[in-house]
Amino acid sequence: MTITTESTLSQPSLPDEYTSIESEVRSYCRGWPTVMDTAQGSWVTDVDGRRYLDFFGGAGALNYGHNNPALKQALIDYLTSDKIVHSLDMATVAKTDFLRTFNDVILAPRKLDYKVQFPGPTGANAVESALKLARKVTGRESIINFTNAFHGMTLGALSVTGNSMKRAGAGIPLVHATPMPYDNYFDGVTEDFHWFERVLDDSGGGLNRPAAVIVETVQGEGGVNVARAEWLQALEQLCRKRDILLIVDDVQMGCGRTGPFFSFEEAGITPDIVTLSKSISGYGLPMALTLFRRDLDVWTPGEHNGTFRGHNPAFITATKALETYWQDSTFSDETLAKGTLMRDLMEKMAANRDGISARGRGMVQGLKFEDADLAGAVCKAAFERGLLAETSGPADEVVKLLPPLTTSEADLTAGLEVLDESISAALG
Amino acid sequence: MTITTESTLSQPSLPDEYTSIESEVRSYCRGWPTVMDTAQGSWVTDVDGRRYLDFFGGAGALNYGHNNPALKQALIDYLTSDKIVHSLDMATVAKTDFLRTFNDVILAPRKLDYKVQFPGPTGANAVESALKLARKVTGRESIINFTNAFHGMTLGALSVTGNSMKRAGAGIPLVHATPMPYDNYFDGVTEDFHWFERVLDDSGGGLNRPAAVIVETVQGEGGVNVARAEWLQALEQLCRKRDILLIVDDVQMGCGRTGPFFSFEEAGITPDIVTLSKSISGYGLPMALTLFRRDLDVWTPGEHNGTFRGHNPAFITATKALETYWQDSTFSDETLAKGTLMRDLMEKMAANRDGISARGRGMVQGLKFEDADLAGAVCKAAFERGLLAETSGPADEVVKLLPPLTTSEADLTAGLEVLDESISAALG
Amino acid sequence: MTITTESTLSQPSLPDEYTSIESEVRSYCRGWPTVMDTAQGSWVTDVDGRRYLDFFGGAGALNYGHNNPALKQALIDYLTSDKIVHSLDMATVAKTDFLRTFNDVILAPRKLDYKVQFPGPTGANAVESALKLARKVTGRESIINFTNAFHGMTLGALSVTGNSMKRAGAGIPLVHATPMPYDNYFDGVTEDFHWFERVLDDSGGGLNRPAAVIVETVQGEGGVNVARAEWLQALEQLCRKRDILLIVDDVQMGCGRTGPFFSFEEAGITPDIVTLSKSISGYGLPMALTLFRRDLDVWTPGEHNGTFRGHNPAFITATKALETYWQDSTFSDETLAKGTLMRDLMEKMAANRDGISARGRGMVQGLKFEDADLAGAVCKAAFERGLLAETSGPADEVVKLLPPLTTSEADLTAGLEVLDESISAALG
Amino acid sequence: MTITTESTLSQPSLPDEYTSIESEVRSYCRGWPTVMDTAQGSWVTDVDGRRYLDFFGGAGALNYGHNNPALKQALIDYLTSDKIVHSLDMATVAKTDFLRTFNDVILAPRKLDYKVQFPGPTGANAVESALKLARKVTGRESIINFTNAFHGMTLGALSVTGNSMKRAGAGIPLVHATPMPYDNYFDGVTEDFHWFERVLDDSGGGLNRPAAVIVETVQGEGGVNVARAEWLQALEQLCRKRDILLIVDDVQMGCGRTGPFFSFEEAGITPDIVTLSKSISGYGLPMALTLFRRDLDVWTPGEHNGTFRGHNPAFITATKALETYWQDSTFSDETLAKGTLMRDLMEKMAANRDGISARGRGMVQGLKFEDADLAGAVCKAAFERGLLAETSGPADEVVKLLPPLTTSEADLTAGLEVLDESISAALG
């Protein structure tokens, strides 16, 4: 089966502008060399009419699907009536509504007594402000990150990111973070936090005392590595005991990706600082939040600022998304059910072949290939069959699936069938 | 005269959400404590119907005014027809059109053989990528910045920013940049680049050899400090002779603020790297570009990436803005004329009083107060009279005006009358 | 028994100069508050005639005892005949003789094809030059050190030192080194280099690629932690496979402390770079060497220099010490035998009591106390009984013994008896 | 005239050990390729009996000449009677005597209420401890150094050193210091501290607030650059007003080189911290001191330590030197008179030729050559004629003279005649 039925179409290709004008740094348009035109829900259509089922999901920014109709109408209404679009961090009706709704629908029911910062429109802005705040509060400079972490491309965020190619891009030594092994880094052989706790408590250990630990509950870019609830709980305890702040970077795993709104809810932990972005606007519009314990709000007015902190169209769609999907547990329950469906089908794909294993939580799922090159070949074969999926992991050895949470069970099943075919094709 | 005629209205105030939920880091809503609702052109209206003439201009992000009608229609059409909104850096119709238009309307006519990078949606993203690239190309780590520079809040951008309060927010030492005196820093007494050139050429000078110099042609946040064309030319020569890259940060002064599209055109220089953001989308939507000489395009695919690099709605309004305003020199000429009008009126205000001087270029104009506190008092008085204007400079001693370039001469004149009244009020 | 028989003497005390003029940074004169006057072999006499058996051994600088007669005569002859004393790094007769003797007696018989650098007179100078050279050769900046390492107090050496109090003294973040667990850090539970190897080989591990590993074969200051030969061999293999330089800091453990001249000989490894100081002059005179593989000698003339590189009196005693002790294996064999004697007696002390364990190699031996405070109490009691011994380890929980290698078996036995009494006294 | 009369001697040369065993980093033995044997006062004799008049003076370590007889006898007596040689920082008779004498002869008469630290035996140790202390006291990290400064080769000291070749040797970015122009850097054109004061006081200047300024009163390695008394006074005022610590590095210029014991006495300033080394022992033995205001003595015991802090033979010769030369102003007056003699003769040499100028203070004097290569040629010609003198300055353009202060007027005159001949020879 292929999703795109128009088999008579020419090969997809890119216009000259991409090679003659755009920088060599471009990436996704290399693996998917076609020009996208329209999009709705889980489907994207290119200029030649080819349709793609999108299991890439804007790298986590499209949890409610492309151009979600409920959000779209609110957005168009806002723009049409000349409501204010750009306002830095002035007060606006859209911002007031968002703050109130975010508090009423998300924070209050979860008893999270957080203040909300608008740190700029990207996840990296949120991470930068989280690190700044942790350093300001503690007066310490060092941060603990984890193997295969991904937190962004600006210098502060990059310093806590693991990928060696991206780190090298900094052009200066990234020196204020020390990596520790993520959960299950040693395949269960070594006790949790053995090294981290020991070196922290050893006055001769040579580890600069950290201001904070920054962690993803599931490492998406790192290869769909899932931290167990008990590991996260132990990490929270470790931080509490030693007066180290715990930052959960929920940029990719928040907003329902693993089921609950925050990915750390399942573990029952309460981070000191939380970063959100990607799907927080609900419509793929740039927006980010930094949340932190009320008593950590030691910012001076304007100490961290930015031109696009107050992106009102994003507030509008964000508010609408919260109202539409998060008033009760229906959406969250459906995500968990769909996640189980995905995992079952993927376990089957893995069980039928050697060298493949399934991994994930909620609707972030992955297939890890012992032969790393296969993962890329599978994604290429999937694209040819109308399915968008990307690789992740340090050797690009994992096919990572982040379909919109709104994807129907039928589409999930169809897409996974294409994936199965693509694996067979890649295996030759 | 006050712009807002509804003098019977209650005092403006802020809802609880801003104190109970939003972080103490908020800033503009403190000086302008009212909730903005709608906006059109150079005017903003709050929830109580008060109208404000906007000489703040989104800190440079609203060069074409709020909700510019030509751009608005294109944006709504795009959204209505379910064109793809979020696409990371895939190829899209909107992106292709933008690349072609930007090349045809801006780069080619100016004989600028630049490649274009989409570094993420903010000016800080553009600055971070510019610094990374300069370091990668040269293999050096040190950057030269200038006194009172402002380049952004992420760690890389912050390291080249002058403001001591914002620098302290980093929480780690910002060490890879060395400040040099900006043009006229010594009030004309000292020869240009005296210190910089001498220490660069002295093998015992102790200055780490820089990868690049980053400069604003007019320092907006720094207090509307204007670099002379001959200073910029000398800086370009200095960099050329010593194989140092010249980065012009045109985030605030680009897109026509000083008249021509790029603020460096007047000086006839050709930077190696240019950053653009703020008004590049034309509609206040988050978007940024990094431009650089073709031979500097040594990026590895994906070496710098980000979720919101491909903000298609911003591409749509950006393309429309280029088509509407930059096909010929009309818009640029009008800006220069309006700038002259502004400057003449402001020189008069200064001439009539002691301790005030006018400064600026094109439509970025400022009044510097010897008694720094007066500048804040003037802005407060202006707000009460329906005019939005903010202070800048290291001691907040400058009233900075960045009205939309599309502001009518009548509104410019009216706004400056309010400013004149506000000064009188502040002087008591 | 007490060594000092003059029991009628007053309590030892310090003159005013030490509190009124010398800085608070002073340390040893606090624990041993008396004024030393003369010294011979393993014995020191204070101004009141009290005699002390010296098991502290100049922290490893007095392997041949105080004022060794064979060396003393050569030194006095040199000074008397007005041979040149200070010469920076000019050629001198004393230096030529040292270079030839060091090569003939030490390097050539061990087939070590090293070049010799005179980096300045202290161990820290040697470590600084070793780190510089490793960085220059590899073009990398990061260094791997080990938990509880001690390498010196200058900024480069301090950055690879573990002690948190001393690190804090730097006043700037020490950021270019990452600590790894030393041998047996986890009491044998975890496989060797589990974490180090895994994170090195993981392109997403987030560890900056190291230029070098710096290691002590026995950590003296760190608490007499002994690395096993097989651990050192595995470390050498790990470095070889990944093109990382191996630096052995033999400042305290070299010059015969563990038996052979170099402490790494037992393990059969060949470091890329070796640092020597402390006992290299043989007479307690400041002197240090940096040794490295011939092909690593990429220094530019004068790239690392210093006023006291050419301390000729130290060359004289150093040469004499090599001629006297290292022409054959007699001295080395005796050290091993005395080390066994020490260890046997110390194992007995430990066996008779709870909470004490013995550790060490050759003539560096220690007793570790589970109750860390006891170690200090034992050293205090020992001083009162005429024995000099100091504590080490992150909690000062280890009594460390570094007697001169020339100490007689009778004195070793007598001193250990005093130690045994001191333990009993401390235990109450 | 040549000093060495044995004109029939073969050419000087170096034994194989220097090329086959010693590292390429060696330097002085390259320019003076002969093996030195004995030395007395201002004269050195090589193994072939050639005599050299030493105007190099151990780079400032031999202010009292080679093997000064008064000091020599005290040293030999100490060693002969088995007084303790090595003692870390225990109290010893030699140390007590030194502390008392240094206080009585140097500090008290000058009303300098300093504490004394023994930071290790080299000038770099003193600088490292001075920087640590300044950072600890102020809680700030940044240091201001000056163009063409030289403070040492360890990482902390190197970070405040100007020489680009030596800085590059660090292998990591040296980032915590910012250079400012030394006195007369702009040949008198620019007002003193114009840039430094302005950028310090500008909250937008981008200069990290410094903990301390480190300065040499005369830059020896930097090219015999002499700071005027009024410049030093203004620097002290600048530091006082802004609560920045003033460190005078008197390692090379202290101990009488410029006349008074401390080189800063002439200017009448009182530094917060002073470093001494080189000639403090008086005999070329490794020794250094860090002096600081009593209230800055916030060190924790052992926070900065080192094996060779307590080099008793150096204390003995240091005490003897203080007693011999510093009880009254005779020695100081003689130095000033000899300095005048030197300067007069050197001014004549310069006056007779184009492109040469004289510079210096007390008995550090230099000739600067507009054609930098000439300086090296002059030193080479001088060596061939039996005179030792080295070049300094960023381009090695200055012939620097540091003869022992004890050099007779006859020898000074004779040596300067040789220098005059050497210039003529070099000029061809």
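Should a chain be cited, it is by its letter among A, B, C and D, assigned in written order, with residues numbered from 1 in that chain.
The criterion applied here is as follows: contacts are C-beta pairs under 8 Å (C-beta built on N, C-alpha and C of every residue); 3 or more make two chains touch, one makes a residue touch a chain.
Computed from a prediction, not measured in an experiment: that's the story for all the values here.
Participant: With chain centres defined as mean CA positions, report which chain is farthest from chain B.
Facilitator: The most remote chain is C.
Participant: With respect to inter-chain C-beta contacts, which pair, A-D or C-D, contains the greater number?
Facilitator: Higher contact count goes to C-D.
Participant: Round to the nearest whole Å and give the separation of the Cα centres of chain A and chain D.
Facilitator: Comparing mean C-alpha positions, chain D is 59 Å from chain A.
Participant: Any idea how many Å lie between the Cα centroids of chain A and chain C?
Facilitator: Chain centroid spacing, chain A to chain C, equals 51 Å.
Participant: Using Cα averages as centroids, what's the distance between chain C and chain D in whole Å?
Facilitator: 30
Participant: Would you mind listing the residues of chain B that make contact with two or more other chains?
Facilitator: Expected reply: 141, 165, 172-173, 176.
Participant: Show which residues of chain C lie in contact with chain B when the two form their complex.
Facilitator: 172-173
Participant: Within their complex, state which residues of chain A touch chain B.
Facilitator: Contacts found on chain A: 14-15, 17-18, 21-30, 32-40, 44, 47, 58-62, 66-67, 72, 75-76, 79-93, 96, 99-100, 102-103, 115-118, 120-125, 128-129, 131-132, 134-136, 141, 152-157, 159, 165-166, 168-172, 176, 211, 277-278, 283-286, 290, 292, 297-308, 311, 313.
Participant: Give the list of chain D residues in touch with chain B in this complex.
Facilitator: 141-142, 145-149, 160-165, 167, 173-179, 181, 185-186, 189-191, 194-195, 198-199, 202-209, 222-223, 393-395
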